[in-house]
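The following pair of complexes shares a single chain, chain A, combined with chain B in the former and chain C in the latter.
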Partner chain A sequence: MRKLFSLRSPSRWFFFRADDRLLLILMGIIVGICSGLAALALSYSLETLLEFFHHYSQHWWVFILPAIGAALSSFFLNYVLKEGAGHGVPEVIYSVSRYGGLIRLRSSFSRLVSSCLTIGFGGSAGPEAPVVMSGAAIGSNIANFFYLNDRQRVTLVGCGAAGAIAAIFNAPIAGMIFTMEVILGEWSMVNIIPIAIASVAGAETSRLLVGNYIKFSHLTLNTNFIDMVACFGLAAVTAIVSILMTRMLRNMHHVSEKVKTKPWIRAAMGGCLVGLLGFQVPEVLGEGYHAIEAMVQGTFKAGLLVVAVAAFAKILATSLTLGWGGSGGIFAPCLVIGSFTGLAFHRLLVIVFPEIAWVNEGCFALLGMAGMISGILQAPLTGIFLIVEITGSSEVMLPLIAVSSISTTLCHYFEPASFYVKDLVEKGQLLRPGTDERVLTDLSVAELLEFDCVVIKKNMMFREFIEVVKSSKRNYYPVENEDGSFAGIVYFDEIRPYLFDTLMYDAIIIEQIVDDKVRVVNYTDDLSEVLKTMDNNGLYSMPVVSNNRFAGMISKATILDHYRKELKVQTT
Partner chain B sequence: MDSQLFHIFRNTPLGRETLLQSIYFSKQTNASLNIYIPKFIKFLMYFDNDVVQVDLDESYLSSPDTALDRVKNLVESNGLSANFIEPKNFTASTLPDIPVNFDFMCSPRSISDLTSKIGLGHIGTRVRRIVQSAKFPVLITTPVYSEWNNITVFFGGSHNSIKALKLGIRLSRLTGKELFIFTQLDGKKREHYQEILEKEELQKEINLMVTKWNFYGSKSFEENLYNVPHDSLAIVGAYGHSVIKNIIFGSKMEKIQSTIQNNFLVVGPNYGQVS
Partner chain C sequence: MNLSLSELAKKLNLPESTVERWIKQGRMPVHKESGKCIFNKSSLIKWASKHNLKFMIFEENNKIGDDKKELTFLSSMENGEVFYDVKGEDIYGVLENAVNKISSFDENQKKDLLAKLIERENLTSTGIGNGIAIPHPRVPVENFSESAVITCFIDGTVDFNAIDGKPVFILFILLSPSTKEHLSLLSKLAFCMRDISFVEFLKSKPSKDSLIEKVSEFENKS
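So, the complex of A and B:
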């Protein structure tokens, strides 16, 4: 038994004890392969389902398919697996920021199945967030199995996310950067190496099983100065579309919440609307990669107005799918909407400036994708490297940097938090590494209690109290009522006037000098709130009261002392 | 420092009985009551190395309007006051995170499965997961309120049973109730168990606190279990094995809980661990 435990605790092995980087790299490879396989499984299932339903696309009843898919997906998530719905990525960020990357085992497959049902039946969503969730959950549970600590678990969660993105796009750098930029929110050497290796493992798994396929490798992307200037306009347009999409997704969620019915019925209603929308604009259905390919290759023949309408229709369809209870992510819809936006912008340029020889429209579709991803995720590097990798070329690097950076900046101005973290920021639950809140979250009031103060009774005479003061090192004294309930505090500073007047010793009882309006702390209070109260009221320590009984004192000095220790644990 | 007892309230007759058990335990051990009245059918408990999703059965949400008053009435009529837990953090909009920094948790045998199974000596899967992951011992109560007047620790020499014994000593000191030790000899000599305690430097405390150390060697374990006083709080160390492992390897804990119908305080493998 002990041997088995030892095998499951590799971090205790002599080889890894001094430095766990090699252990994390080994684990990263395992996690990268597993998450890569999960990503490929979803990708293959989606292809099969979409191809199967494609044969029925001419039937009148086809609009009902997204409704069936969304309903099944919602039913599966809410009733079979009993998992709260969501896009996946915010849950991963939440677990990393609050609970050291702890994710339920069921999350490693729940979103794969549910998003497959939603997207495979024609719902407008992407498979990337579900595979990120799945990969992250795989990483988290592998870390749990091997009894790794919080920091190591967070790294493996990142490995899972990176491996999944790397596998699904065959883009290892984008996988790594997406993880650092969006999921972890920090660039530390300890994390980068295992995550990079996991990315490689994920991408290699994909290459072994489906081949080293670069989607848009044959594109000519020779941009000139005038294209570069136009990129600034495109960045502004993608930023506007990103903001529109962020707000529409969130508002649609609030609208759907007002419909008081079972979640799966609500999801079916949203799916039905998507199906109806798909009658007019078929490009809004499913993940939409076929439309992207057509646009990037320049074979998308519809005019400017149709393309612009398609972009807005896709935003609406994605909001209806995800906001009403379908399962999936926004990554693929962002790419589709971005390419529509880029294409529309190119066509507008051609109409307004017909004499200029613009680069091909596929290039603008790619730049639009980068702008959209950078805007909505507020992750410019992810946008840049994803496009570089799926085109297999760095020729378009300069316009990519321009579009991504400007789009991110403009979006940040109107929407300070990205779509993924907006809810968390609003609830004060986004605790990025190295921040005060993050460090303090791992500490609790109970573990900082100080017990070395002397508790006195309310009916004690001042003379007796003087004796207590003589033997005490503290300058405050908690006071209890006869029944043991907390009555307040006596501060040494406030009794000084009576100390030198011996006549008062037998004239005063503690009840007369106790401060009974003192602010107290409960066991469940957040330490950041406690510190804020101390700062606002100029306090150095506060009594902790539980069920109306004095439990101990908590002081600023102790908080800061433990803060330092915890910071060390979290950063080394 | 006073200890904290966590209780999930179920607004049904069974829930009332379980709450009475918590109140009794709190009064005996001077623990503060922390009560969660669920507003959602599920919640998460983030432990150090595991996250447990507790899917409550529907009865936990029955008549929420009256739940708070009922709890207050019951608690206050017993001269206690309770702290009501309101979840601050949510993993998803309908999935609250419940704090886990308690010293004890009180639970019926099942919180997710059919309550009708309780009478058959069944411990639910969620309760098992909590026992396996929690740093606090779990008080698994009898279906009907019954007071316990003494404490029996099941000691078989394992690491977990030593932890259970230490907890028994602590509770005996806190409550002033008699402490008994139950040991099934399993072919070993008494000295073997006494040596284990000597190694743990517990012999002195055992001599001081334990009323009687009962060694059983002649009959089977199940038969000997009937010697445990019916009004005893049974403290058992559990490894938190899965059902499959229990079937293959067997488990003393399973035999105990399915044979006697006392209140149990189950000490899991992570009990007392420091983060």
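So, the complex of A and C:
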């Protein structure tokens, strides 16, 4: 038993004690394989489900399928597992920044099952976010199992996310970059290496089981200078579509909230609408990879108008699915919408400038995808590397970089926060490493208490108080009532005029000079709020009161001192 | 080595909760195992210096400083000497004769001290009234480990430009290694001098033993 126990705490082994990098790499491999397996399981079951329902696609009642799927998935999340809806990426980001990457064990499969139900029955959503969530949860729980600390756990959470993305797209670099750019938000050497290894493990798992299949490897993508110029237009268009989609997704959420009913009924309503939309534009159903493939290969024959309508229909379908309570991510829909946008833009170019020999439409579809990913996720590198890896060539590199960076920049004007972190930013919960918010959140009031204040009683005479003044070091004297409860503060500055007036010594009682309307701090107060109060009121010190008793003082000087230590410890 | 959380926090001069959180977050090279913090001393010291922190491993040795005898007027009197019938026409003459009598000083030290005393005297008189003067250097005396009070009964009296104009019959030369000790000594001396009976007692030119006995009476009173 003891032996088993020591097996579970590898961080205490002599070998890993001095430096945990090797340990993290080892763990990264395990996590990468596990999350890769989870990703493959989801994509396999999705394929099976979609294949199964494909046979019934001619029946009239088929529009009810997305409703059933969304209702089931909502029911599963809300009643069986009691987890909130949503795609999970913000939850992972928040957990990484606030709770050292602690994620519940059930999260490792909850989103897998629910998104499988939603998407498999035809809902418009992506399997990537659920896979990232479960990969992250797997990483977190493996870290917990081995008693790793917060920093190591965060790395493993990143490993899980990277392994999942790497496995689902067969794109190890994209997995790694996505994790650094979106999930962790910092590029530190300690993290990059295990995460890169986990990416490799995830991708390798997928290659072993599914085969090394690079989706669009045989495309010829020779872009000319004129295509490069067109890219700027495409970037602007994808940016507009990204903003449209972000707003639509969020507004749909507010609309659906107005419908006061059980969450699974709401999800079913959204699903029904998606199903009806699917009658007209069948491409909007499901994750949509078949549509992407058709578009990139150039076998998607519809004209400009149909493609443009399809792009908007997909946006609508995704908002209906996710906004009304279905489960899944926006990554795959982004890719679908991106390729629709790229294709539409290509069609438009051909109509406006028929004499120019444009590169094939598949290339524009790919560029559109990169533009969408960069715009919505505000993660340009993820967009670039994902496309490079799924095409298996770097020929499109230049236009890719142009589209991605311009799209990100333009979107940033209108939507400063990416879709994943928007809610967090609004709640003030986006705490990227090394930022002011992060440092202030990590520090707690209890750590900053100063105990060198002398507490005096309310009924003390001024003469006794003078003796206290002689022996104390601070300019603040907390006062307590007879029963020990906090009564207020005597400020040294305010009693200065009476200090040398011996007549006053027996004439004043502390009660008469105490300031009983001071602002106090509680143990649970947010440090940023405390600092704001200090700034607004010109205070340098505030008393901390707990259970109506004086606990200590908190002052700007101590906060700065600890802030600096914390910043140093966090960033180096 | 291993320490408890509170010991480790004390050595790092950080709040316990901060150390606990940093260990949990994996920010410092310390492992916690059944309530003990286990760490490699050298790597922790390296970590601490990298982050502008100090790890005071030899704290036990620093405690010796706290055992230092508390400074009192009495102990300073005992450290110093008592001279009777110091001659002199004016301030300078009296000071010169007094300083020359100090047995523990060599010629250079005497010259140095005299110059410093005269410099202070030129600033304002150290005659604090009731016939008492307390000559002292403006800055603490170098290479001087313990405070001393040198008591000099003057042969007759000397005009010292004292604040109350009375001629001075006794000098207390205050020598202290730091300003803080000087102030503490001064305040204790002033406490004694405020008492008229003590001044009367001084006028009787008591022996060193009886003087010290009287001072210890006062010390106990305050």
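We take it that the second predicted complex is superposed on the first by the 553 of 572 C-alpha atoms of A that agree within 3 Å, B and C clash if a C-alpha of one lies under 4 Å from a C-alpha of the other, contacts with A are read in each partner's own complex, and residues count from 1 in each chain.
Note that in this section contacts are C-beta pairs under 8 Å (C-beta built on N, C-alpha and C of every residue); 3 or more make two chains touch, one makes a residue touch a chain.
This one's a predicted model, so the numbers in the text were calculated from it and none came from an experiment.
Visitor: Who does A:347 touch here: chain B (first), chain C (second), both, or neither?
Guide: The answer is neither, since A:347 touches no partner chain.
Visitor: After lining up the shared chain so the two structures overlap, which partner does A:422 touch, if you call chain B first and chain C second: first, second, both or neither?
Guide: So A:422 meets neither chain B nor chain C here.
Visitor: For the three-chain arrangement built by superposition, which of chain B and chain C touches the greater number of chain A residues?
Guide: So, of the two partners, B touches more residues of chain A.
Visitor: Counting only touches as set out at the top, which of chain B and chain C does A:565 meet: first, second, both, neither?
Guide: second
Visitor: Once chain A of both complexes is superposed, is A:266 in touch with chain B (first), chain C (second), both, or neither?
Guide: In the superposition, A:266 touches no partner, neither chain B nor chain C.
Visitor: Name the contact category of A:104: first (chain B only), second (chain C only), both, or neither.
Guide: first
Visitor: Tell me the contact category for A:444 with respect to chain B and chain C: first, second, both or neither.
Guide: both
Visitor: What is the contact status of A:314 with respect to chain B (first) and chain C (second): first, second, both, or neither?
Guide: neither
Visitor: Looking at A:546, would you say it contacts chain B, chain C, both, or neither? Reply first, second, both or neither.
Guide: Touch partner of A:546: chain B, not chain C.
Visitor: May I ask you to decide whether A:458 touches chain B, chain C, both, or neither, giving the answer as first, second, both or neither?
Guide: The answer is neither, since A:458 touches no partner chain.
Visitor: With the touch criterion stated at the top, can you tell me which chain A residues are shared between the chain B interface and the chain C interface?
Guide: Shared contact residues on chain A (touching chain B in one complex, chain C in the other): 444, 446, 449.
Visitor: Along chain C, where are the residues that touch chain A in the complex?
Guide: Going by the criterion above, the answer is residues 14-15, 17-18, 21-29, 31, 33, 38, 40, 43, 50-53.
Visitor: Using the touch definition up top, name the residues of chain B that touch chain A in the complex.
Guide: Per the stated touch rule, the residues are 1-2, 4, 32-33, 41-42, 44, 46, 49-51, 53, 55, 80-83, 85, 88-95, 97, 99, 101.
Visitor: Which chain A residues qualify as touching chain B in the complex?
Guide: Listed in rising order, the residues of chain A that touch chain B are 82-86, 91, 94-95, 98-99, 102-104, 106, 144, 147, 427, 429, 444, 446, 449, 451, 522-524, 526, 546-549, 551-552.
Visitor: Chain C touches which residues of chain A in the complex?
Guide: 11-12, 17-18, 100, 148-152, 442-444, 446-449, 562, 564-565, 568-570, 572
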